[in-house]
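Consider the two complexes below, in which chain A is the common component and chain B and chain C are the respective partners.
Right, the complex of A and B next:
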């Protein structure tokens, strides 16, 4: 067992956990924040994506004890039912989901991904490494490839992310 | 997952001392492969030493005009570094071609080098695998071997090294800096860092017990057109069937390394004299000793074609 203190969605949390507890299980089973989903539990599907220290990560592939002092944002911390985050509103508007299981991960991933583009981080499809990447459909597809949607709502997910990227929502 | 004790360290000396105290210990940084393997009980460390607190996350110029990349620099940050994008394009491209955005945010430079093969027989504990349990046999040699190695193989193992980054580092002549448990340091050329499987496929690299990677250094920029061309079963987020890291100068000379074909990044310097003759000649030289299975023999032709595509792209970049 180890003690760990972290901030989740702005709230300070002190936990005492088995060292084996993943960040994902700490969020779901100990803090009862069940918005973050467990899909494959091996970093392949992206359903567990959260934002740690401003960066999107797979919460299934990290241990809670390795996040001492970190600030974590989950889907519950992005918006509320009364006041949706623009990305949440765009997914609703564009019908960017069917069953909804991958959606919290898709939305957390998309929010942090837009920051990566703003920061000028290149991707596999960026044509010129020395210029600032543009938010094209190809760029969104490539950058979101770590989030799988079994219902294949991809075209609407891309539309939602594009709208937010263009500042239309 | 088996139980383990856990500690955080702040300096390489603390890390070394912790490793010396705990014989069954593992260093952990990016977690993207080790945790997976721990869940499957393929890796069973009794103690984890979290090295993320070490101040090894900088990219700094070296005295001879190269770059020193701290062991903890994340793959995303390395790919995005302005100097890497300008002077070591093949490295930035290789990093962006690997994994997903989430994984690149976690994965470190040192951890990327130390990731284990993605051979499905290594991951399936019901199957024989000499890399996982030496002496248990190899399920892949007479099994499903489409993804597997075609050169440098042994009767014990035909696994590939999965890294894209390492293939670019090989073509750039990078050097791996380490510190041992006794405080001694070594500089290991990337060519010598990863091993061929031989009769000891369970050992991937020349690192010794308790030895910690502190940095990877790049020599001064090689110039030329730099290309990383990766062929895989889907357009993104998949390991290479074949990849080519290429640096070509205007006079047609250059360097080439292959991914997806061997237990380590595959480069044969003598093959590079064939570059002015074209892809067919270089591929023939690189794969002269290839021993493919029926299922992965297609990789021989695929190497030639991927190299041809990379050379064409390089020519386009030089216009």
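Right, the complex of A and C next:
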């Protein structure tokens, strides 16, 4: 067992955890923040995506004890029922989900992905590595491909992210 | 209410709420992460124990011994469930293999033990300490090898296994133009995002299971049957389901093992099937081999149409119904279909999105494309030429074994020669799709278009899927403030049930959508159709319609007027010069109405089906053979569309699964050891964002009064039927390489591609 202190959605959390506990299970089973989903528990589906220290990660692929002192944002930290985060509102408007199980991961991933583009980080489909990447649909599709949606709301998710990226929502 | 005559004008036709592209009512919950799925009920079981499933390491044989000694003393372990200590278990009516195996093993990764511990980590560690010795038995794992000895099946879902009209053999032999080709489709996995999960809690002899299940009443019955306890003692709760696609139609090992584990540990226990167990532990869509023979006149009129299909399953299992649509889609005087079922010792084959038509259309619609080329006729025109407005096949008695028949109240869809379709706008779908897609710009000659390194091609396929109707009940409450609560055990697997049910109640009672609260997925609510076979939206909203009609009558009665004179609008009821708020009529006690829709002879008198057309453009890389889908269009004729936004999402999701079927999805069979090798989400490839372009969907403006008072039909499975063939046909058009063996991976194209230079 180890003591771990995390800041989750702005709140300090002190936990005593089995060293084998993933960040995902620390969130879901210990902090009861079940918005972050366990789809595969082996880094293949993206449903567990959270934002750690500003970067999106698969929370199933990292142990909680590796995040001592880290600041974690989960889906519960993005918006409130009174005021959805623009990405959440865009997903509702564009019907960017069906069963909803991949949705928190898609949204966390999308929010962090827009920051990556803003920061000028290129992707596999960025044609010119010396210029700032543009938020094209090809760029979004490439960068979001770690988040599987088996209901396949892909076409709508791209519209939702594009609207947020253009500042329309 | 009984639905026995075609619907006439009713309150749904107002279309004030129904037919609108409303956002999903549960959308904010899902996007905020507040919708609760089966493994997430921390408040109802404050201190649950965790179960971890151990799957069999052999495909067939026996467990010689299980050594639990190390696992039992492993830290935190509370109980270990095996067949040896679980007590006598029954088998669910809908299950083929047992959900807890041992000592006999029926398939690979069949559950053989559940370790229950204080924490997930402890349960997982202890599971690794179990030592099992197996005695392997030889098994049959190769469909192609078993094909020639496979006997005729008894039946397929939706009818008999074989049919004959006229003299197929004679007409085919005499036909001046013939096509005789064999196609194969692989085993496929549902791969829904949420694993099969359950939390079980006993209170005395009463069991409550929070689970992830499409069909609550089937699940309740089968869980009781498996545990040998009365059905009344079981309650299932499943308000949110992280995808199903047929994989959660039935009770699976998670529910049974959580229940047994909770009994053994005397604690609530939760179990999520580990992802790597899912493809082999649960059900899958079986592989098929399909032979299609088409004979035509020189002008392209089909005179002989034959479809043979082979698939495999465990003993006492069932075949894929790939021949089903061939009895209904195209005209032709001489016909045959036949379904053979091999016994295989692979995991249990069962329903996956549009079982039957999904695989059948993958074959039939390539065959039509090949035939069109032989005839020199445009493939859109060939399909139009062979349209039929009546069912061309012989009557098939309904199969008593169909899931939708087991309730005993369903008029199964059955072919019957000469029977009319309730609606059939197949030609309209093809014509409109061709126009919108720009089909006339397609080159009939393959490999004629190039865009840099990409060979460009377009393909078309028909879409066909039956419309099934089944009894569905609901309870509607009206409170003193004019709020409405709808309760039914219907499920929302991403289909939009919450939303279309809310829209139905709002329309029927004349209240704003935000005054309707819909509660689903609880076996204490009236029994609904459940979600499967694209029957859910039409049937469950019809059940809500019936309950709302009854509530309208109760309101009218309270006012001492006739229900037909009362106008329900804006949260008020008006009769003559009386104008009363609904809440006032309900009074402090409120009003509660419960009713069910029961479908009668219309389902037998008419063939009810949904139709469509898929158009696809692909690029195939001339050097690597990689296929990229560039454009997709589906045109659907599926009755009244209750919510165009949710319906469109269903169709694009299905189109995407069809792209998966065309290009990548395949459970690879290890034919020596008898299991699916690629049993996780990295190696069983499904489409990701980068694989799917913007998708277009057009719904024809259609109502079908034969189908239900909603005049709606299913659409969620229509969307997958034919897509894979449209992709395959587009690849042929792009490259000139005809692949009849799905999925169409680049290795199957490389040899036939033109020189790169």
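By definition in this document, the second predicted complex is superposed on the first by the 169 of 169 C-alpha atoms of A that agree within 3 Å, B and C clash if a C-alpha of one lies under 4 Å from a C-alpha of the other, contacts with A are read in each partner's own complex, and residues count from 1 in each chain.
The criterion applied here is as follows: a residue touches a chain if its C-beta (ideal position, glycine included) is under 8 Å from a C-beta of that chain, and two chains touch if they have at least 3 such contacts.
Note that the structure is a prediction, hence the values are computed from the model and not measured.
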**Message:** Looking at A:116, would you say it contacts chain B, chain C, both, or neither? Reply first, second, both or neither.
**Reply:** first
**Request:** Go through the superposed model and pick first if A:145 touches only chain B, second if only chain C, both, or neither.
**Result:** both
**Asked** Is it chain B or chain C that touches the larger share of residues in chain A?
**Response** C
**Asked** Now for A:74: first (chain B), second (chain C), both, or neither, which partner does it touch?
**Response** second
**Request:** For A:20, select first, second, both or neither according to whether it touches chain B, chain C, the two together, or no partner.
**Result:** both
**Request:** Report for A:41: first if it touches chain B alone, second if chain C alone, otherwise both or neither.
**Result:** both
**Request:** May I ask you to decide whether A:130 touches chain B, chain C, both, or neither, giving the answer as first, second, both or neither?
**Result:** first
**Request:** Please work out whether A:58 is in contact with chain B alone, chain C alone, both, or neither, and reply first, second, both or neither.
**Result:** first
**Prompt:** Do any residues of chain A touch both chain B and chain C, and if so, which are they?
**Reply:** 18, 20, 41-42, 141-142, 144-147
**Request:** Provide the residue numbers of chain C that touch chain A in the complex, in ascending order.
**Result:** 23-24, 26-37, 39-40, 42, 119-122, 125, 190-195, 240-245, 272, 274-276, 493-496, 645-646, 648-650, 652-657, 680-682, 686-690, 692-695
**Request:** Please name which positions on chain A make contact with chain B in the complex.
**Result:** 2, 18-20, 22, 41-43, 46, 49, 55-58, 61-63, 65-66, 68, 109, 112-113, 116, 119-124, 126, 129-130, 141-147
**Contact footprint of chain C on chain A as seen in their complex** = 18, 20-21, 25, 28-29, 32-42, 44-45, 47, 74-76, 78-81, 84, 88-89, 91-93, 95, 97-104, 107, 137, 140-142, 144-158
**Complete:** Residue positions on chain B within touch of chain A in the complex are 1, 3-6, 8, 28, 31-32, 35-36, 39, 48, 50, 52, 76, 79-80, 85-86, 89, 92-93, 96-97, 99-103, 105-106, 235-237
